[in-house]
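One chain, subunit A, links the two complexes that follow: it is found with subunit B in the first and with subunit C in the second.
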Partner chain A sequence: MGIRFVLMVNKQGQTRLAQYYEYLTLEERRALEGEIVRKCLARNEQQCSFVEHRNYKVVYRRYASLFFLVGVDNEENELAILEFIHLLVETMDRHFGNVCELDIMFHLEKAHFMLEEMVMNGCIVETSKSNILSPIQLMDKAS
Partner chain B sequence: MALSGMRGLSVFISDIRNCQNKEQERLRVDKELGKIRTRFKNEKGLTPYEKKKYVWKMLYIYMLGYDVDFGHMEAVSLISAPKYPEKQVGYIVTSSLLNENHDFLRLAINTVRNDIIGRNETFQCLALTLVGNIGGREFAESLAPDVQKLLISSSCRPLVRKKAALCLLRLYRKNPDVVNVDGWSDRMAQLLDERDLGVLTSSMSLLVALVSNNHEAYWSCLPKCVKILERLARNQDVPQEYTYYGIPSPWLQVKTMRALQYFPTIEDPNTRRSLFEVLQRILMGTDVVKNVNKNNASHAVLFEALALVMHLDAEKEMMSQCVALLGKFIAVREPNIRYLGLENMTRMLMVTDVQDIIKRHQAQIITSLKDPDISIRRRALDLLYGMCDVSNAKDIVEELLQYLSSADFAMREELSLKAAILAEKFAPDLSWYVDVILQLIDKAGDFVSDDIWFRVVQFVTNNEDLQPYAALKAREYLDKPAIHETMVKVSAYILGEYSHLLARRPGCSPKEIFNVIHEKLPTVSTSTIPILLSTYAKILMHTQPPDQELQKQIWAIFSKYESCIDAEIQQRAVEYQALSMKGAALMDVLAEMPKFPERQSSLLRKAEDAEADTAEQSAIKLRAQQQTSSALVLTDQRPANGSPSVSQLGPVKVPNMSNVNQSPAEQELTHANGALTVVDPQPPSTSSPDLLGDLLGPLAIEGPAGTAPQSDPRVASGLEGGANGEALAIAPIEEQNNTVQPIGDIAERFHALCLKDSGVLYEDPYIQIGIKADWRAHHGRVVLFLGNKNTAPLISVQALILPPAHLKMELSLVPETIPPRAQVQCPLEVINLQPSRDLAVLDFSYKFGTHVVNVKLRLPAVLNKFLQPISVSAEEFFPQWRSLSGPPLKLQEVVRGVRPMPLAEMANLFNSLQLMVCPGLDPNTNNLVASTTFYSERTRAMLCLIRIETDPADRTQLRMTIASGDPTLTFELKEFIKEHLISIPIPSRAPAPMPAPMPPQARPTSPPTASLDPGALLAGLL
Partner chain C sequence: MMDSFFQRSLEDIIKGLRLCPPGTEPTFIAKSLDDIRREIKSSDRSTKATALQKLTYLHSIHGVDMSWAAFHSVELASSSTHSHKRIAFLSASLSFNPSSTDVILLLTHQLRKDLSSSNAHDVSLALSTLSSICNPDLCRDLTPELFTLLGSSKFFVRKKAIAVVLRVFEEYPDAVRVCFKRIVENLETSDMGILSAVVELLCELTVKEPRSYLPLAPEFYKILVDSRNNWVLIKVLKIFAKLIPLEPRLGKRVVEPICEHLRRMGAKSLAFECVRMIVTSLSEHESALRLAVGTVREFLLDDDPNLKYLGLQALAIVAQKHMWAVLENKELVVKALSDVDPNIKLEALRLVMSTVSADNVMDICTILISHALKSDPEFCNEILGCIFLTCSRNFYEVIFDFEWYVSFLGEMARIPYCQKGTEIETQLVDIGMRVKDARLELVSVARDLVIDPALLGNPFVHGVLAAAAWISGEYVNLSRNPFELMEALLQPRTSLLTPSVRSVYIQSAFKVLMFCIYSYVKLDGDDTSYPSGLTESVSERDLGRSFATVGSESLSDSELDNENVVITGGQPPSFSSRKQHLTEESIMGLINLAETNLGPLSGSDEVEIQDRASNVLGFIKLVKPKLHGCLDQSRGDIMKDELKAPEMIKLIYDLFSEELGPVSLNAQERVPLPDGLALKENLGDLEAICGDVEFSLPMSFSLVKPQMAAQDSAHVLECPSKEVCEPSSESTSLLAEHRKRHGLYYLPPEDKEVVDKDYQPTREPKGKAIDATEDLVKLTEPFFVKKKSNRVKPRPVVVKLDDVEEANVLVEKHEFKPDLLSGAVQEVLLGNEATASSSRKSSNKSNNDITNTAESSQASFVGSGRRKHHTHGKGRTNRTSGKEKEERSHKDEHKRDSRDHKHKSRQRAEGTLNVDVQSSVIPDFLL
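== the complex of A and B ==
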């Protein structure tokens, strides 16, 4: 099934965006996020970007104060996911211009729209930045 | 319309951000939820803008981890808003907050469908995305044709079609029937001619799912995939937007190569050649570059290419090239590449002929075991475990032991288990094995499970040569200060049995041995004291001539513990005291423990359970499992009586059939074995000519282990003079066809397995099929153990699963040949789709000599395996019970012809069926209330409530009421319970007396069940 979840979490461990592609109860989510964030935040720059947790493999990347964590199963290529995270960040950059944690917090809906254009049902659906952003631009123009 | 446009929301987010602690945050959230709730109550006053704002707040709160149990209706209702901004919010928030089983989602089906078939592209996209993310079965059935139409429509723009592809993937997963293979395979191939890379990317994911289920139907897609790969690799016609750091869509390249790995081979030479050209170019042409992103992307493609090459079984030259590349990777500085190098090398172990090349990198892999990164250490451990064989076991295991003392706690248990398994499997000699295990206990006692020391005791008991050595080692460890309690246990046990073999050595007189062990007694827990008492009794017995002083000392200890509060300790103390007064008779009673029957290493089983492993690694695991233990357990004599299980390491050699304190289960076992001893007075005919062959073949899993090495008496007598399997080949075929009779009653075995999770499913003179199952929610993992009992191979082995419609079952590859005395394990994955009592059947056949045996066996994947007992309080029970009113959710039936049983027995029966009896809920003591949760993919977890009203005057009838949220479930559960009440299949008991024929009107809802029930039909068949 590929991508199971996408999380954005800051250095303090606060969730800034969470999108799941399989159903987990709220308790399961809380527990999972807690465990994974604890594991990933404790790691340093010299360690690899993959953390094995239960049945997931978490591919993560840090940008300033924000961690991007993607949970995948064994159907995914780890490095491809790692670069997919970067593609997501670059796309956000193109839209917000030097994206930061606050942009994502206060424009949660846009972050969701972008992610929704990129991932669907746990699969990558689009990787062209202009295609990803065109619905949002359309909406911005309309308002 | 941005959030910043919604001031209230921005303020709320700022507030949350400014909260100093979690408590403040909770207060702020509660306040906001209260406000939203009030506003939603007077919905009339809400503008779409406000609604939208509140719905976003709900999503935000939900994301923070707070339960939002209202307002779902409002979110769903936004979907039908006419304007885009509201509609969009409705769609996104709905798909984040609700799951596919949510009732409100049904309300939206029509709106969603209208959006999908409507003309507005943006609405189409929104609707397809929602269905793609959370659409359930109902969506699958009603929307699949529309979605397919969009996907292949030429008038549709790519932005809609790419979403349609993934939406269809979702619907297909919910209900595979929505994609008609015949019609769709051509369309799928056409779809791959698409130029737009977005549509191709999502179509490729769809293809992966379709091909993984049925590669034959999609054969025509294979050359298209190769074409796509060529197009990307040559960078032909790839728009700039799809080029990532100069690499044409690495994601599509990776996905395409993944799809190709689902086709077993590539037959067409031209296609194969083109593909290998591309792969060769990727393998050779990927250089390390400075830019991190470019480097990652190109290596993502490279690793996928490596995986594909391995899959395609390329020529040896290309394979060695791959191993060389991986060897380079595991030594680079970049940690990601190191990690992936190790991971892929582990996958590579599955390829034949490359193991030796991989072994050249052993030193580097061992270095990785000390990497600062735990992710990398884990991969290194896995790889070392997988690549270990007789030639390098000593080195690898010693490395693992060395690493153990510095390893992090998170890894120690896995590490010690793996070291123990490797030591057992590949021990060049047994004294080394004993050394390893004792070191393991010494270094990481806390992480050494009981299984590990039980196993070493088994080996020592069964190998006379080993006993003095093990005793000496144990004695040495006892001299160390502060040893682990497990070490006390194992040393005490071994010294109790074998210390007399050391008697002439200095420091090993009975008295000295006793003293050194007794020193530890104050430091150990109650679970160890019984073992020490047994050791004392044994020391006493071995001290000839008796040493009065020692005797007095030990008797004093026994009398001290005669009043111990722990029953086990007390009983042993009393019994040993009494026995040791008997003088010479003690020698007989406390004689050396008999040899253990051969059995599968419980460690291996544990390793399987412990590893929450992934699909790809499972193949490696399988390979590991198929190698049987090379550490030989010598059993040159049959176990003297009912197999003493390791967990009950009692010191008393129990005289046959005369023990009184065995548990009923054990007695049953002894009984069974005793009975067999009567009909088979000779040692098994195969043991004498082929001693070695006898040592292998851990046949039995649990329970009747003692019966495993024995042949069926009829066959044994037929073999007289012939003594081994080859003799069979000479005998005329006609005669033999009738000789293969199952051992034991198949139906009884099946019924027993319905209530427990491991045991023997089938046995005949040649093979034993055991089962071990692990059920979690609607998933089941069943392992079939196929054990060849002979010294000749079983060939043409075939196992076919005939699953009923409600179970999805996948059996891993069953080898065609089972080597002599070997046991293979075949995992079987089960997914329960919906409630049903239908049964799955294993169609199993094999050939032995000229015998062709074919049996159809019912598999115990029955309804109660998907139940999980749950206790329900009165406050939870009654509202549920009331809310489920009347048929079809609540069904009632008067059942006659029930096997009469006291209420307590019925309660036990219910509990054994995973229906938890909740005492006290029903004030009438003649009644019984039970609850359970049923799991299936369709129903998810669903609570079921059961009430039985019995009539104390007539125990053969009762009234049964079953309620659950699903009509089929209610019905199936009712019938299921009824089957068990009317005739309870308990093994080893005479069949229940058939109740008097019941009047037809007594079972109005299900008159023909008995004859329609496939289980019953099958039972007739068997």
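== the complex of A and C ==
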């Protein structure tokens, strides 16, 4: 399993989206998020985007006020994960138009669906923006 | 209806949470939860859906427990409205625990329905859900549907089905037999999404157990050469990185395409993966390695901290085998040690430490320490920790100059914010015990530490001081000046130390004091034989000898008389200087010093301190009055009763003179087993007997037990007709006892003599006692009989055996699981070819002329391997460019590589005869 979890966290450290690809209890999730967020938020722009945490590697990137953190196996290619984060942000940008924290807060489900299209079971299955967004656009049309 | 009208939407909740004044959030959430609990029971689907949606949000973002609502998710999942279904499945995938949420099984039917739905979105939704909640039951039940979907014409469904399969395989390995063939077929697809999913799936599987996937190497090779999708290429590279160690010949094939990718320098991610691949699996290919190290250098020179970090990681991998790569980039690595990013610094540090060898350890440590002094305390400690760890690795493997290392350790302890006191402490003592040659330097380092009053105030150093004090005491015979040691160990500022350290100080002071007095007495005694003028010259002469011998023989024998070493061979310079101090006044001064400083401590609150202080004081009390007499005696006035003083001192001194050394972990095993000690005997058995018997029977009776324990099983075997019904061991043994006593009422056992012989010796001496207890035994017999009938369970021993066996079976089952997966994969890979062959055989023969020779030579091999060949041939028929032809020949060679493997194993199994054919054929293909 390449990707273990995807987190979106704001500058204050509040979780805005959490998707885990392996089952963790609520306590484990809370502890993990707390530790990782503390580690990553303390770092500045000149520092690299990789943090080792327990048996994960966390690859993170900051976009405006939002941090995107992806926990991966040690085998995983860090740079590819950075590209994945960028793709995710671009996709959301295309859908929401200049995505911001509020978009994700109020459309959490959509964000989850986009992720669902891109990642399944920790594997990246889709990298084309239009393919990712087409089911969501269909849904929007339907409702 | 009213419910839904007044129901707050998810948006209301989010807005409400945002408007919450700080601190009131929990109340707001609790209130919303109350609403949700009410609404979720509603019969109106959309009310229920909104409630579940809100709950999912609170669960996912605010960590609210929603396990109680699992059933509602299941209920809503059956809704025909797609948006409701989505809400239900999302809540399920975010909150269900695959191993403990029991309502998951209720979803089986719904999932099956959705998986076979004509609406592709329903299908994809069900697949996503399945991937996050699947457990073995669900996998088993839904495998047929998954199998169908693996061949779906809708690419985005097929792709998701492939991604789910990974989880399914893990949970339910039998699915491999059904699905694996279809998955492999998907490797030929033109759709990037599907290819990416398949490659990713195979990559995950390969990482776990590479060997099974060797036969797929040709397919992977094709992707490596053809694909332009970075993500796919990265995964294929990862697969090859696992396969190459198993089949080194693959390396020759893939090295060129990989270098090609690297030279193209497209995406950095791909370039890095190529580098990582080369340094891990292809490092023996010189040119490729050069290229990779060149790329690493570019990474290190880049401004992007990410590339720098990864470059250092890659370099650390190369360093294990090719040190030159690090040396070439030395200045960059050293520069990275002072990077702004702690992670990069750490990575650089790890890299530097991995290059440490016996030749450069001193240089590296010097460089690192100068860095450590410049950098922040945290990183400084990180550096120190790394140095200590590396230097002590494998019993100080890299350290040749221990004098340097010991003084280095001493210096490190003085770094103001050094928090590695524990490491220094352990290593100082450890070196003291292990490295005899380093002791002289060690003692002088310890002296410098102990004597410095400034260090006592720093709590981080206390551990080091304890080690220093211990060393000063233990190896005081190597000390130049025990008097100053004594003063240092007893200085008033030692009150700043923690009690445990302080007690070490007192104990060391004891040893030093003891040593001084002993040397003094000894010296005085020797004065008669040593003309005072000569001592100086004798010691001068000894100097050379002692240094020559100290390494080879001197202290190797721990039983070696320490006094000799000290006074003659030991360290003459210190001896001579010491001698000058050894006067009656100085000794008395020393004793008084100890008395005044330790006196108050005999009333200390800390037991350790009190204990040790009292020891010293007691010793002083004993020795002090006799010292005068001892002097007299040495002058020649031999008085009988005072002769004891030096002897006593010597005795106590000897207590401390036995050398302490490191103890091997398996020292206990080397202790020879004394005769007659039966360690293998089952004592648990014995305990069961004695435990029950002892309380009612006198001692003499239980003494006979051991023999009986050995006998009772024999008895069972001998007379099964009588004793088969005696289930518990103690009853059996009692019966045996009974038989022994009332032998004439029993039928004689066949090997009666043996029994008699065994019992006789123990019985005879105890004869009387047993007679005396016979009545008692008789009295208690009914009691035992009753007890016997209560205990119908099998004997403890038997139960134990059962336990063990059961445990074994469980373990086996557990371990079997991964094997099951790979076994299934192998089976499918072989079986796959077998079935595929029949239909494709004919179409292939024609376009396989290049490999005709191979075919014929391998014709003797059994079917499947050969047929596999055909499978690929079929794949190839569609593509006919000139380039393809070349490639095909590569590929064929590959196939043979992998096939050889299979054949080898299969041949071994079948014991066939083609060994010589094979051995002559393979090299031609491969080289």
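The rule is short, and it goes like this: the second predicted complex is superposed on the first by the 143 of 143 C-alpha atoms of A that agree within 3 Å, B and C clash if a C-alpha of one lies under 4 Å from a C-alpha of the other, contacts with A are read in each partner's own complex, and residues count from 1 in each chain.
Criterion: contacts are C-beta pairs under 8 Å (C-beta built on N, C-alpha and C of every residue); 3 or more make two chains touch, one makes a residue touch a chain.
What you are looking at is a predicted structure, and each value in this text was computed from that prediction instead of being measured.
Trainee: So, does A:74 touch the first partner subunit B, the second partner subunit C, both, or neither?
Mentor: A:74: touches subunit B, not subunit C.
Trainee: Is A:129 contacted by the first partner subunit B, the second partner subunit C, both or neither?
Mentor: So A:129 only meets subunit B here.
Trainee: Would you check which partner chain A:54 touches, where first means subunit B only, second means subunit C only, and both and neither mean what they say?
Mentor: Only subunit B is touched by A:54; subunit C is not.
Trainee: For A:15, using the defined touch cut-off, is the partner it touches subunit B, subunit C, both, or neither? Pick first, second, both or neither.
Mentor: both
Trainee: In the overlay, answer first, second, both or neither for which of subunit B and subunit C A:137 touches.
Mentor: Neither partner.
Trainee: For A:30, decide between first (touching subunit B), second (touching subunit C), both and neither.
Mentor: After superposition on chain A, A:30 lies in contact with both partners, subunit B and subunit C.
Trainee: Now for A:87: first (subunit B), second (subunit C), both, or neither, which partner does it touch?
Mentor: After superposing on A, A:87 lies in contact with subunit B but is clear of subunit C.
Trainee: Looking at subunit A, which of its residues have contacts with both subunit B and subunit C?
Mentor: On subunit A, the overlap between the subunit B and subunit C contacts is residues 1-2, 15, 17-19, 21, 23, 26, 29-30, 43, 46-52, 75, 77-80, 82-83, 105-106, 108-109, 112-113, 116, 120-121, 123-128, 131, 135, 138-139, 142-143.
Trainee: Could you please specify the touching residues of subunit A with respect to subunit B in the complex?
Mentor: Interface residues on the subunit A side: 1-2, 15, 17-19, 21, 23, 26, 29-30, 33, 43, 46-52, 54-55, 73-75, 77-80, 82-84, 86-87, 105-110, 112-113, 116, 120-121, 123-131, 134-135, 138-140, 142-143.
Trainee: Would you tell me which residues of subunit C are touching subunit A in their complex?
Mentor: 11, 14, 53, 57, 60-61, 63, 65, 82-83, 86-87, 90, 94, 96-99, 121, 124, 127-128, 131-132, 156, 159-160, 162-164, 166-167, 192-193, 196-197, 200-201, 204, 207, 229-231, 234, 238, 267-269, 272-273, 276, 305-306, 308-310, 340-344
Trainee: Name, in rising order, each residue of subunit A that touches subunit C in their complex.
Mentor: 1-2, 15-19, 21, 23, 25-26, 29-30, 43-44, 46-52, 75, 77-80, 82-83, 105-106, 108-109, 112-113, 116, 120-121, 123-128, 131, 135, 138-139, 142-143
Trainee: Quick check on the complex: what are the subunit B residues that touch subunit A?
Mentor: Result: residues 1-5, 10, 13, 17, 56, 59-60, 62-67, 84-85, 88-89, 92, 96, 99-100, 122, 125, 129, 132-134, 159, 162-163, 166-167, 169-170, 173, 197-198, 201-202, 205, 208, 239, 241-242, 244, 249-252, 254-255, 258, 293, 296-297, 299-300, 303-304, 335-336, 338-340, 372-373, 375-376, 378, 612, 614-617 of subunit B touch subunit A.
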